[in-house]
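Each of the two complexes below includes chain A, the first together with chain B, the second together with chain C.
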Partner chain A sequence: MDSVSPLDVLSTTKVCVYFEGVKAVDEVDLEVPRGRITGLIGPNGAGKSTLFNAVSGFVPLTAGTVHCGAQDISGWSPTRIAQLGLVRTFQETRIFKRLTILENVELGSMGSGLSGVKARKAAGDALELLGVSHLSDELAANVALGDERRAGIARAVATEPDFLLLDEPAAGLDDDETAALSGTIVAIRDALGCGVLLVEHDMSVIFAICEEIHVMDSGRTIAVGSPEQIRTNPSVIEAYFGREHS
Partner chain B sequence: MNPQYIVDAIGTGALYSLMTLGLALVFSVMGLMNFAYGQLVMIGGFSIILLRSQPWWLLILGTILVVVFFSLLMERLAFRPVRNATAMTMLVTSFALAQFLQQLARVAFGANPKPLEQFSELSVQYEFAGLIVSRQIILTLVTTILVLIGLALLLRKTNIGIQLRASTEDVGMAALVGIKSNRVIAAAFVISGTIAAIVAILFFATRTNVSWSSGDSIVLIAFVGAVIGGLGSMVGAALGGFLMGFVYTMLNALLPMELRVFADAFLYTLVIMVLLIRPGGLIAAKGVRV
Partner chain C sequence: MKSSVSTWSRWAWLAGLLAVPIIIVTFLISLTNDVSLIQRCTTALILMVMVIGLHVFSGNSGVVSFGSVAFAMIAAFTSALITIPAEKKPSLFPDMPNFLNWLWSFTVPVPLGILISVAFTAVIALLVGIPLVRLSGLAAGIGTLAFLVVVQVIVTKWKAVTRGESTMVGVPKETTLWWALGAVVLVIAIAALYQVTRRGRRLIATREDDKAAMSIGISIPIERLWGWVASCSIAGLGGALYGHYIATFSAQTFSIALTFFIIAMLVIGGLGSLTGAVVGVIVVQVLAELLRTVETQGIGPVPQIDAPGLTEMVLALILLLVLIARPAGITGGREITSWVRRRKGNVAQGAT
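Moving on, here comes the complex of A and B:
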């Protein structure tokens, strides 16, 4: 972390999100440096999805700020945030079913300002990186869930983001697909040099590839540290398994 | 049955299919049923009157430019401010705009229809295997086929086409991957305006006058064609519009003379029956779109 300039960090400062008095997120500070993979975990209802949505502009902040580098993006629309280079994926992928896989990913490269042959090449590269280039001409409605999820990530990758926010990318995948996806996320980070914020229930993915893990419970941060530190942290164990196990 | 009726019905069907496409495209992209679309065709009609003495290529180009200009103006001044409002607000806006443009035309060109000098070169007729086919029908068919091919190529092969297709499916997600909604919607209005201008040229080629109310029947045909074809589907729109024109002409030809005055009533009864059986329209019900 010491070698990372503040300009290369996606950060939240004392972010609060309240829904009708319920504190879904309560004064959370989070840092996602470029070039690193940061995990965001917590039991169900911990507030991680709300924080994820708040950072990407889908949920308004009650208090606090979100910075992308030096830019304060608090209150920005999701589209404006995406155009700045902070791109997210969705659990349900939201892929365009009536377009081919290549066209879907091309949209990402067009969104980053490329057009024509250059957009198609960037899309092809992203599909290659995600290992689904053989499905380029398939209609998105016809591909399996795992491939659809990879195409959704490829579309985000094709925008060449500075920060990539992945929302449960392994949901619904089998063990082999999950293992392959973990390697792919590392490859994306290496290829783009972007910061990755990963929300994931599958702890095998989190502990395999994250350099730092941020743990939430009941809307608050309960631990931040390396996978080794988090694995043995009593607060984390208590949050997941109850007090009797800690 | 006289096969000549089929030739005439195909000609009308082709024209109606174009009318429907222009309306359906904008609906697909932004969920707006633009009831001022007929007034774009009406504006095209008055452009033809103003440019009637010019060479044919200048008449066509000038009409397209004028209608596209008004189409873009419509989007920028009337529809963009209410883009995020409810569908009902957009619908009422389009009715208000239609009224405004009608009254504007009435003030500018008078309440009485303006005579339009006939395009005598289009009434030339050819005989194929005992069937009489006019130049106007051939021109309508060829133009419709070219527009359909052009539109298909544009939607499949160009960047803006892919963006348009994505926006018709999920405009919010398209914006999230960086697609500029303003640009895509403006493109839809340019294409819609171009089609409206082509419809105006083909439609008024066989008419003797243009009036401020000329667009009314056109927008009704286009709307009903889009609904029975399947809202949101380009292929459905083309098919729905074609069937409207085809069936209407056949009814006028085949109904006993004393019942022909009720041709509209028979047509819309058929429309209701189609919608009772397939409420989502002919194509959209199968889930096949653009």
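Moving on, here comes the complex of A and C:
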């Protein structure tokens, strides 16, 4: 896992996203290698969500490029990016509420173009992995938030992505659920061998499972490093922990 | 993993629970030998084909289309042009443009005429659909309404081919109660199959949450285009059957009023479910017949109310009440299979 070929990296190069002059993301270089879990953190308004949306095609880039392996995906539509194997989840889960949990997850595997039997198997595996297979036949509208969130991740996992972008997967979960989720994210990475980019406010999750952490503030990168390096980085403490814990 | 009901059994349950009662009732009606009742039943079945057609696109995508009647009109005129006996054509269409003269040389049997007109409708739907499916909400409504107006104007003004404001005559009158029933069963089977299999379910996903659908690789324009072409083709089938049922018609037959009537049936039944499309047609048609009877002769203790327009007014009132009290329609946008599932546990799982 030490040497990762550049073909197996999701990377941004000097990505900028400006909204009417506001530099939401400003020249950010980010690397997410396959097979590893990369954390993206920063205080509120740091630009994490905008970068996340830009990488997944939901927000247009003002400048810079995004590469998925050797493929330049700058300016691609969200659909095309997902079909290539870069799949995201949403903080607000965006589950299809009038469909059952199984139908939701099957749409993940069918949307990515898998054929009948394979799609069904991928959906079943994803439900098992996320521990929600007992809810298969429940309408998504009727399940608890924690299960809804897991189903949302299962839907993305069922697409068998090369890169999985998780947007605040622990939001609204209690401590036990959050701890279980950390283990699940590692299990997903191990099962799929995919690269995971994790945006999360809960530092216990970030420091427990990320191999590398990328810290943003005011749209710019302020630090990149291992959890140990980030924990002791003065500018991170100043910008992030300093502000939050003062 | 708790096993879920297979796609085929879901299809069979949904199509069967909707089609079997219709087949039984139609059969019973045919036994009455009441000509007027059989006529009304035939009309209702043809309308059901058109409403199911609208459901396939609007119900599954959540995008309202005002254009389905335009495709019914295109198919009705196309089928008429190729099934009117060749010997009648020179007198009916004396000014037929040269490039369409080949139409004079042949006549096809009505079933083939209907098939060809449905195929032609599908081609037009594909061409028109490519730009239209990129629109959503109000823009899609206006775009499809504009298409209806364009087709109306062309059919009204292109007198040499469509006979303009004079009606199309000489059209073989061959649609029977059984043809209409066969068409309804066929389109229920197709519409149910579509929404339990991946194509339809992807379109339903775009209706439920477009961003989430995109995030798992579902292309909104492509899925809408499939649904649109299927929907317009079914509307075409309804239109062609209608043309061969009433035998004399003009552009006014396929009016904006008919468009709103069809949309009203779908909304009253419940936009978003095939069951809603079927229930909407039955409820509105039965009510309309009762009201018409009150208008003309009264029913039982209800005396005749001699008020022309009563039917339309009361129907409009009911539509308003449904929209206020139950915006999701009588079925609430759910399928008949979901009620069966609730009653019988996991016997049948409904497509949503």
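As a working rule, the second predicted complex is superposed on the first by the 237 of 246 C-alpha atoms of A that agree within 3 Å, B and C clash if a C-alpha of one lies under 4 Å from a C-alpha of the other, contacts with A are read in each partner's own complex, and residues count from 1 in each chain.
Here is the rule we go by: contacts are C-beta pairs under 8 Å (C-beta built on N, C-alpha and C of every residue); 3 or more make two chains touch, one makes a residue touch a chain.
Predicted, not measured: the structure shown is a model, and the values here were computed from it.
Q: Using the superposition on chain A, decide if chain B and chain C clash or fit.
A: Chain B/chain C on chain A - steric clash.
Q: State whether A:C16 touches chain B only (first), chain C only (second), both chains, or neither.
A: neither
Q: Let me test your reading of the model: by the given contact rule, A:S136 touches which partner, first (chain B), second (chain C), both or neither?
A: Once the two structures are laid over each other on A, A:S136 reaches chain C alone.
Q: Determine, under the contact definition given at the top, whether A:F96 touches first (chain B), second (chain C), both, or neither.
A: Touch partners of A:F96: chain B and chain C.
Q: Under the stated touch criterion, which partner chain does A:V186 make contact with: chain B (first), chain C (second), both, or neither?
A: In the superposition, A:V186 contacts neither chain B nor chain C.
Q: With the two structures laid over each other on chain A, which partner does A:A171 touch: chain B (first), chain C (second), both, or neither?
A: A:A171 contacts neither chain B nor chain C.
Q: More residues of chain A in touch with chain C or with chain B?
A: Per-residue touch count on chain A favours C.
Q: Go through chain A and flag every residue that touches chain B in one model and chain C in the other.
A: 78-79, 82-83, 87-88, 94, 96-99, 103, 106-108, 110-113, 116, 119, 155-156, 159
Q: Given the complex with chain B, which residues does chain A contribute to the contact?
A: Listed in rising order, the residues of chain A that touch chain B are 78-79, 82-83, 87-88, 94, 96-99, 103-104, 106-108, 110-113, 115-116, 119, 155-156, 159.
Q: Under the definition above, what is the set of chain B residues touching chain A in their complex?
A: Checking each residue of chain B against chain A gives 159, 162-163, 165-166, 169-170, 173-179, 289-290.
Q: In the complex of these two chains, what residues of chain A are touching chain C?
A: 56, 58, 77-79, 82-83, 87-90, 94-100, 102-103, 106-108, 110-113, 116, 119, 124, 127-128, 133-134, 136-137, 155-156, 159
Q: Sort out for me which residues of chain C touch chain A in the complex.
A: Going by the criterion above, the answer is residues 1-2, 4, 198, 201-202, 204-205, 208-209, 211-220, 272, 333, 346, 349, 352.
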